[in-house]
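Each chain gets a letter, A, B, C and D, in the order it is written, and its residues are counted from 1.
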Amino acid sequence: MEIVSMKKENAMLIRLKGRMDVVTSPAFEQACDKVILGGDKLLVLDLGGLEYISSAGLRSILGVDKKIKAQGGKLALCNLMGMVKEVFHVSGFAEMFPTFDTVEAALGST
Amino acid sequence: MEIVSMKKENAMLIRLKGRMDVVTSPAFEQACDKVILGGDKLLVLDLGGLEYISSAGLRSILGVDKKIKAQGGKLALCNLMGMVKEVFHVSGFAEMFPTFDTVEAALGST
Amino acid sequence: MDPPDEAVPCRLKLPATLESLDPFQDFVRGQIRESRCPQETQFKIQLALEEALVNIAHYAYPPGGAGWIELACRLESGGKRLWVEIRDGGRAFNPFERGKPDMTASLDKRQIGGLGIFLVRQMTEKAEYRRDGDTNVLTLQFGLDAAP
Amino acid sequence: MDPPDEAVPCRLKLPATLESLDPFQDFVRGQIRESRCPQETQFKIQLALEEALVNIAHYAYPPGGAGWIELACRLESGGKRLWVEIRDGGRAFNPFERGKPDMTASLDKRQIGGLGIFLVRQMTEKAEYRRDGDTNVLTLQFGLDAAP
């Protein structure tokens, strides 16, 4: 999995690419931990490049959400595609997070 | 396996690279068939880049030798290395062909 | 190459560790290559396999022990269906005896658990468990044409 | 990662075709990766495996049938030795009953044959055959430190 994070005006944006599985999700959690320490109030995950996610990935995202909420921030997801979109829907995770069709919409969601 | 053949003054030189196994040796035989049709009297095989050979590879070389002899030509081998050298020795094939340490020596062997 | 005969499933047996996950996935990927099924279907198969295999690696054997997993698979119905059997020698555990996780619980209250088995069920046409002597046997069936 | 327990060999079962050769070689390559044995030793292991597997693909089963090969392997003696077992369900054939090929025959007279089995013997520390019910079982042992 490729993880690219960048600072936006009022938020951090993290773009994920590739496969988010039991082996790769810990790296995602670490990347998010740094961002959360940075104190940003909105974390946008761009999943447009993600082709695969398993329960380990969902669990990581849930964990990140809890941490960011604990410091008064929030998580927004965008660009869910293909199998990733379906796993979010089937698992009920799609209803637990604000999800958007574009990065711009997600960034504007504060 | 990579097979590169080039015309030398009085001979054809074929350089082999990679693995000569049951799957790749037919391509070697085909390459030699063309050369033999061309009527060259000396065919030099440079095995310096070959890292692996199996009995299928030995059998191919034996077959090429027979064909080239049938039209009055001969085969010379050079640059036997590592595992390839050992397989030639252990199988007795090293004694069945003229083998040389360098391409130049093999080319000068007419 | 002819499709493998339905009577002879291909098999791979490896240690029950997370390091074995990729070789198992590669193995199944190799088996279904010739079926040319949609990539999204392949991802769903990989998801069910990951969930099932990770659970065995995590829970089936006592820690530190030398557990194994054996995966057998074959194409069926002329390449339209994939049959997978996953065996382990760990403690008896029927994953389908548990209830479904509570998908309606609010995010804060929700327990993180049960999701893996739920996804196995969702991604398969059929998923069955049986105990065979000292062995857990999980049988999964996937349609290869379209999404299940 | 700990070396796999000596009691649990890893296994791979595939159709008895030449297409299975590379997956078998990859499988064994993966198993001995952690032993860090010299590349030349690895090539010799690959040679013995190729000869044994190709013979099964070519000769063990009636043409057109759906034969299988199962290869099991494990590191032994703390990673100093590789044990390989190759099984097939083809007709009974003991490769080590035959005499050695005549290595002294002149090139022209020499029969091309018997070389594969001869190389299996040369590349192994130990090579044994037994018939187990309907199955041919070839057991090969390789030293991983240096050339045999």
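Convention: a contact is a pair of C-beta atoms (placed from the backbone, for glycine too) under 8 Å apart; a residue touches a chain by one contact, two chains touch by 3 or more.
For clarity, every value in this text was computed on a predicted model and none was experimentally measured.
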{"item": "Most widely separated chain from chain D, with each centre as the mean of CA atoms", "value": "A"}
{"item": "Whole-Å separation of chain centres (CA-atom averages), chain C against chain D", "value": "30"}
{"item": "Where chain A and chain D are represented by their mean Cα positions, the distance between them in whole Å", "value": "48"}
{"item": "Distance between chain centroids, defined by C-alpha means - chain A, chain B (Å)", "value": "58"}
{"item": "Pairs of chains in contact (touch as defined earlier), listed by label", "value": "A-C, B-D, C-D"}
{"item": "Residue ranges of chain A touching chain C (in the complex, touch as defined)", "value": "21-23, 51-56, 58-59, 62, 65, 82-83, 86-87, 90-92, 96"}
{"item": "Residues on chain D engaged by chain B in the complex (per definition of touch)", "value": "18, 21-22, 39-40, 43-44, 46-47, 50-51, 54, 103-104, 107, 110, 112, 115-116, 118-119, 122, 147"}
{"item": "Chain C residues within the chain D interface of the complex", "value": "1-2, 4-5, 7-15, 17, 19, 23, 27, 30, 66-68, 70, 72"}
